[in-house]
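Beneath this line is the structure, given in structure tokens, with notes to follow.
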Amino acid sequence: MMEPYVKQKNKNGIGYIEFFHPKHNSLPAHLLSELSRTIINAGEDDSVKVMVLQSGGDRTFCAGASFEELVDIENEESGKEFFSGFANVINAMRKCPKFIVGRVQGKAIGGGVGLASAADYCMATKYADIKLSELNLGLGPFVVGPAVQRKIGLSAMSQIAMDPNSFYSADWALQKGLYTKVFDSVSELDDAVTVFAETLCTYNPKAMVEMKTMFWRGTEDWDMLLTQRAKISGRLVLSEFTKEKLRDYK
Amino acid sequence: MMEPYVKQKNKNGIGYIEFFHPKHNSLPAHLLSELSRTIINAGEDDSVKVMVLQSGGDRTFCAGASFEELVDIENEESGKEFFSGFANVINAMRKCPKFIVGRVQGKAIGGGVGLASAADYCMATKYADIKLSELNLGLGPFVVGPAVQRKIGLSAMSQIAMDPNSFYSADWALQKGLYTKVFDSVSELDDAVTVFAETLCTYNPKAMVEMKTMFWRGTEDWDMLLTQRAKISGRLVLSEFTKEKLRDYK
Amino acid sequence: MMEPYVKQKNKNGIGYIEFFHPKHNSLPAHLLSELSRTIINAGEDDSVKVMVLQSGGDRTFCAGASFEELVDIENEESGKEFFSGFANVINAMRKCPKFIVGRVQGKAIGGGVGLASAADYCMATKYADIKLSELNLGLGPFVVGPAVQRKIGLSAMSQIAMDPNSFYSADWALQKGLYTKVFDSVSELDDAVTVFAETLCTYNPKAMVEMKTMFWRGTEDWDMLLTQRAKISGRLVLSEFTKEKLRDYK
């Protein structure tokens, strides 16, 4: 079985940042912090003009947080720390002065929907259904909620958050604004992502910095907000309800 | 002819709250305040885990405010009081710590669209067209505006508010996010509402309280805002324009 | 070739405000300031109950800012001044106490999308595709961004802003809420605009003033915001990148 990783490959001014975990690209804390760090560094690297966020494998884009680590959380502090993982990645994407293009080859679940939402422009395949499954575990999409709502609106975000066992189709996500385009195959997606990112590289970098700021206007309090949200999840993960659910999954 | 009522029936942890008025479920002040009270009480009742808001009869879900009472308003104070009726129901739904599922079997007009919008998750039949008819009477959807805009966005809200004689289809309301699902018949709607609400009852109540707070973030000023809006309507209802219109309806 | 103009014709209580420029209705500074002035005056004219914003010719609705003037900008101050042109029109539309109905007969580009967005209700033909082309010139839709986002949401606004060489169809703009109706021909559009505006004239003017205020709630800082945005564009237009692009177009 392949080892988990976060890696970056630069080509033609584009920084392709890829994460991978053998369990459906579910992300444990150490991968999330590596991902944040990689995004922050690429943001500061002058040779990188545009970034692409993608994951390894040709199935699930990202299954959210790692269950195995959820089970081991024993107090509010470590709960908060764990859930800050996605908060940090989202905040790194938000504050990155470069456009980030999302490439979603397959299903996105929980935190995975958050990553897709935090991309500035996100393309997907028709297999890229989405689900906010957190409530199913006695939790909620607290950390990713603001990013998801910002992209698809309050109605759509709350609808899927209250329906944690249903996948919503890639077409639905397209209609709601999460995806900008949906392709029939991964190879078509890859071609489109490359063309789009390479085209972005030809534009005025100063204009893109200002546009990024404009797009994220009104989210200046997210460092604090997402930390508060991580606290909520960290508290709930200790509830009897969630403990029991997690035992079922073990 | 049946008497108007607000009643509550609890089953399997779900509080079904139902209002009825023989005139197309148009709501006079005393029904609105009973409805607010019932929602507040159900919110505090530990045996109720999830709430369903529905109306009696198999035609109109709610035709908005009662015309008969509108005619009798003679000063700004009683105008404000009258229009505070819907404000109070919406605020009760907003502050209720439990999820409220809307069940919309037929047309929703004016304040009725506000009630559907204030539900956290709202299902409907294909007969559940919507109309914001207030401007037709020389008024506007001031009190329900914030709730409607929160659900369907500024564009859709302003579009229907400026077009007070047109019904917008249930499918349009689905596309704009007011409804989450639209069914062919009332019985299918009822089945879906029951299954959905009963499923919600199996989730972590603490997580749902936090999610409800998250969904309504940014509406903390609505006690004041909706009261200001009720004042605007209360002033306009005394205008010559509206007085005349109401005479026509008499 | 016809001369550029801004003119106003009043009929049945409706103020039809029309702008025209022989180069695809691209707007130089003096036309933009005439347009602002005309809108402000019509807003104060008691004989005008409702306004229609339209352009001359049967092709492009508005191609945005005039290239010729862009080329001549030589310092930040005149850059800011130039880009304040659209800011002033949008702010005039926003603060106008009357409803403004947009009539978009053909393509809207850059600032043209801003004008369509700032209308309170906007109808179009199926030829009225939209494009935010600013990034192509090393700029961005900074001034019109808030108006466009208010109407079609963050996702759709950022999508087209990052894709400056693509037209998005009138149907797409309809779905996103920019247009309320899309017609097959200009004559059908004209009929619908007239009927809609004349119907508005029959409503309570006081109610419409209050509704206009409600629709634009939360934009009270746009006098300042759009000026800041004009400064950003004014600075970018002096960048080497943009200077070079503009030379290509010369």
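For reference, chains read A, B and C in written order, and residue numbers begin at 1 within each chain.
The definition used in the following text is that contacts are C-beta pairs under 8 Å (C-beta built on N, C-alpha and C of every residue); 3 or more make two chains touch, one makes a residue touch a chain.
What you see is a predicted model; the values in this text were computed from it and never measured.
K.L.:
So chain B and chain C are the same sequence; what rotation in degrees superposes their CA atoms, nearest 5?
P.N.:
120
K.L.:
Do chain A and chain C, two copies of one chain sequence, contact each other through the same residue numbers, with over half in common, or through different ones?
P.N.:
Homomeric contact, different residues on each side for the most part.
K.L.:
Provide the C-alpha centroid distance between chain A and chain C, rounded to the nearest whole angstrom.
P.N.:
Centres of chain A and chain C (C-alpha means) sit 35 Å apart.
K.L.:
Give me the residues of chain B that touch two or more other chains.
P.N.:
As it turns out, chain B has residues touching two or more other chains at 153, 175.
K.L.:
Show which residues of chain C lie in contact with chain B when the two form their complex.
P.N.:
Contact set of chain C toward chain B: 99, 120-121, 150-153, 175-178, 180, 196, 199-200, 203-204, 206-208, 210-211, 214-215.
K.L.:
How about chain C: which of its residues touch chain A in the complex?
P.N.:
134-136, 138-142, 145, 153-156, 158-159, 161-165, 175, 229, 232, 236, 239, 241-242
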